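Each of the two complexes below includes chain A, the first together with chain B, the second together with chain C.
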Partner chain A sequence: MQVLTPIINAIISGIILGALYAVMSMGLTLIYGVGRMFNFAHGAFIFWGGYFTWFFYERSHLSYSVSVVLGIIILFVLGLIIDRIILQSLRKKPDFGIISVLVTLGLAIIMGNAGDVIFGTRIKTIPKIIDGFLKVDVFTITYHDIATLVISVAILLFLELFLRKTTVGTALRAISQDSIGARIVGINLDRLFALTLALSAALGGISGVLLAPRFFIASFVGWETLFKAVVIVIFGGLGSVKGTLLSAFILGTLEAFVSMYMGMFWVAPMWFILLVAVLFIRPKGLFGEWA
Partner chain B sequence: MLEVHDINTYYGKFHALKDVSFTVQEGKFAVFLGANGHGKSTLLKTVCGLVPSSTGYIKFDGIEINHLPMHKIVEMGIVYIPEEKHLFPDLTVKENLLLGAYNARARKHKEKNYKLVFELFPRLEERQNQIALTLSGGERQMLAIGRGLMSHAKLMGIDEPSIGLAPKLKIEVFEKIEEINKQQGLTLLLVEQEVESSLMISDKGYIMKDGRIVHEDESKNLTIDLIQKQYLV
Partner chain C sequence: MDIKDYKKGILLLLILFLLACPLFSGPYYTHLLIVCFIWAVVASAWNLIMGYAGIYSFAQLAFFTAGSYGAGLVEVWWGVSPWVGLLVGGLFSAFAGLVIAFPCLRLKGLYICLLTIAFHQVIPIFIKLGAKWTGGDVGLMGMPHYHLFGYNFEGSKIGYYYLGFFLFLLFNVVIYKIIHSNIGLAFVALRDSEDFAESLGVDRQKYNLIVFVISAFITGVMGAFYIHYLKVATPRTLEIEIFAAAIMMVVIGGLGKFSGAILGAFFVTFIDEWLRTAGLIRPIIFGAIIIVGIMLFPSGLGGLVESFYGWTDKTLRKNARVDLREGH
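So, the complex of A and B:
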């Protein structure tokens, strides 16, 4: 039983991390699947989610829940605005693929620097969702982690329901499969592209709040999380929701094991090696169609 | 119902449509014939809003539509059935059809039109829960047309529906298209290579060459000989 304990601990950590990473990466998957765009500003949405919550909670003294919800709403609207004002007119251009990479990269840098300037570069923290921990036999798990797992799974379920059962969700899937077909049935692509970026930003923001205890809240977190999200999304197959889900849990569990048996120092190299390995061996990823 | 006036369409530098003008009355069935690459598809795509024109105007029920985005044109009642079909491969037949009724005007008639499509294409009903990728060529064409019908359109532009189909299926497709026009009263614009069948079921024929309409007449007056003369001139 002694030998199994660390393994089970790693698996539990892996599951929690997997759910978190799934929420973190899903926004990137959506925007690529629907908008065929690689949003390098996704990491910025993630840490700004943390910033807004911190700001409203620590500075404006609003309650924790209100701070979180407010931050997510602002990010949602920000997504709409960015798409409408910056991306919509650029979409018509033939080299939109490259343009979108440059534009979102620039956006990420601006948002990162803005965060540093407005909030200062000192790392921020926000309180746990619930304090305390649960002890079962030799296993300890914090209530915060349980809450994080429950919330992440709930978010993923809602997203799945949205994509499968609602008209708009099905329209998003349709756009990702055949954008000309989508125009033919009368779908307003511009409007749904904006919605997708808004949804993506909101998802990023939520994950930023959920990740805060592990990753803290600072602009460099944006790049760290972006990198992991990119690896997860490529490993799972660009644009595949199913792929991202599976990939997040596999890689999350892998990270938990590496962290436990090799030490935290090896986590960053692990991700880098994974990225190179996927691109070499199977760039399509698990379920991807576009390389 | 449809008035097309002096349309010129370019693909980059390529002048695909040159000073094209014609009108179509409500409920009528017009067919556009001509060799490949002479502008038939482009004409349909321009009328239906997929491709913009640089000059002239297109009026539908008196309203200018040539500068409108496609989703607004679909809303107004024009639907395009492309040669490539552009079905949603990973969605089921049912999901494809329901999305066909995406525009606001069509949503009220969703149930009714859904039944109608299956009456017209019973084979689709059998396959309603299969994803579109698994359908045969003939079934895909039926689904493409069915999805177009779901949009509750008044005018439908169909681009080479019989292409790639076995002869028996070709006949079936033409029969269904004729039914859509005669029994449901839909105004139809058809682009086709199957000259004889198209002329049999349509009211008026237009021959296109080099992006222009070079000849037009009632379908009953057009013969294969006449058309071949136009193609070769």
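So, the complex of A and C:
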């Protein structure tokens, strides 16, 4: 039992990290599935979620849950605006792949520094969802981690139900399988794309709130989380919900073990090495389609 | 007069102007022009891989850093001459290019883009892990200065100016020749119609490796030159502001336009300098320029130059026709 304790601890924290990372990267997967584009501004969405919550909670003294909800609503609307102003006109261009990369990189740079300008460069924190910890035998888990896990799993389940059971969800899946066919049967691509971007911004915002007590809120954290999300989504295969889930848990567990035995510093190099190894065997990630 | 003569004349004038520049420009503008030369080559090499070969590689600054550290490390720890350092930097960077090209061979489109960006992001971590040799965040210092026929480059910018100008001309001519050779034709063919090109026997994997290695080598040499000029190699070259500036060069220049990348580099370097006092707003302006550039001017400065030449060409031809008729 003595020997197993750290291993079990690592597995537990790996599962919690995995759930967190799954929520964090799911927005990217949805956007790629529907629009065949990669959204580099996702990292900015993530930490803006934290920023807004901090702003409403610490500065405007609203209650915690109201702050979170307000932040998510703002991000949802922001997603709609960004789609309307920037992406909608570009989507018809033949080289949309590279254009979307460059445009969203530009957007990420703007949002990253706008965050610093608006909210100040000082590193910010928001309190944990619930304080205290649970002690079972030799294992201790903070209530915050449990809450994170519960909320993440609830969001993922909700997302799954949304994609499987609702009309809009079915339409989204139809677009991701065959966008021309979807257009022929009368699905409004523009509107659904806007909805997806808004939804993914909101998902990023939620994950930003969940991540904030763990990693602080600052613009550089946006880039670090973006790097993690990038690795997770290509590891799992672009556009694959199942792949993103699986790779989030694999990489979360890897992170827990690496940071326990080798130190936090080695996490990113190990992720990268594992990513290259997987891409050598499966060039489209674990569950990417082979079209 | 033919359009080709016009082009040659303008080019010759520009080269003469740049050759004479340090005589009257003063140290500040000499410095800016040296920086322009360095970034013009980097942007040009990036344009070769992204614009001409159509590979969405974002590892250019990683190659640049690899070249600078490759040169810096052998010079500081083994006492290698800085002239050899240029070559070592290039070779080290070309090796990094090979390392990243191999997993990219089987990947397509966005996967390459994401993998190279992940590569870009892990390099600073490796530099920090090897802090004993690389100096970590502080950077690597103590590179020797260039000496040529007893002339010491230290203290004056003139030596660096002409060395930079030489490298700038050399590599841009090399890239121009590559674009207009059979290899360049293969790059463009693979970019525009991959399946068709492969069915005609163009070996995609071979040409992808070639373009990565060439682009990385050229960028690496400039990285090695850069650290001698700045006297320090730091992981800061991988930071988001420089990344944004480099993207801006390619975007403003116009993807797949030879003159574009060079013009873009000059344009962005000067804008960057003028905005130096803008502080936190500066990256926001950069991002806005990238977005507006893509939305409103997709063919960039290179497109502008091309349409100018096209217009001159048409006018010349019209005049020639008029001449013929009059002579008749």
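FYI, the second predicted complex is superposed on the first by the 283 of 291 C-alpha atoms of A that agree within 3 Å, B and C clash if a C-alpha of one lies under 4 Å from a C-alpha of the other, contacts with A are read in each partner's own complex, and residues count from 1 in each chain.
Simple rule for what comes next: a residue touches a chain if its C-beta (ideal position, glycine included) is under 8 Å from a C-beta of that chain, and two chains touch if they have at least 3 such contacts.
As the structure is a prediction and not an experimental result, all values here were calculated from the model.
Shared-chain residue A:R91: touches no atom of chain B or chain C. In the superposed three-chain model, the partner touching more residues of chain A is C, compared with the other of chain B and chain C.
Once the two complexes are laid over each other on the shared chain, residue contacts for A:L102 go to chain C alone; chain B is not touched. Shared-chain residue A:K128: touches no atom of chain B or chain C.
Once the two complexes are laid over each other on the shared chain, residue contacts for A:T167 go to chain B alone; chain C is not touched. When the shared chain is aligned, chain B comes close enough to touch A:I184, but chain C does not. Across the complex, chain A is touched by residues 50, 56, 103, 106-111, 113-115, 117-119, 121-122, 125-126, 128-129, 240, 244, 247, 251, 255, 280-284, 286-291, 294-295, 298 of chain C. Chain A makes touch with chain B in their complex at residues 167, 170-171, 173-174, 177-178, 180-181, 183-190. Those residues of chain A that touch chain C in the complex are listed here as 32, 38, 86, 89-90, 93, 97-99, 101-103, 105-110, 112-114, 116-117, 121, 223, 227, 230-231, 233-234, 238, 265-266, 268-269, 272, 275-276, 279-280, 283-285. Chain B makes touch with chain A in their complex at residues 50, 69-71, 74-75, 79-82, 84-91, 95, 98-100, 102-103, 106, 147-148, 151.
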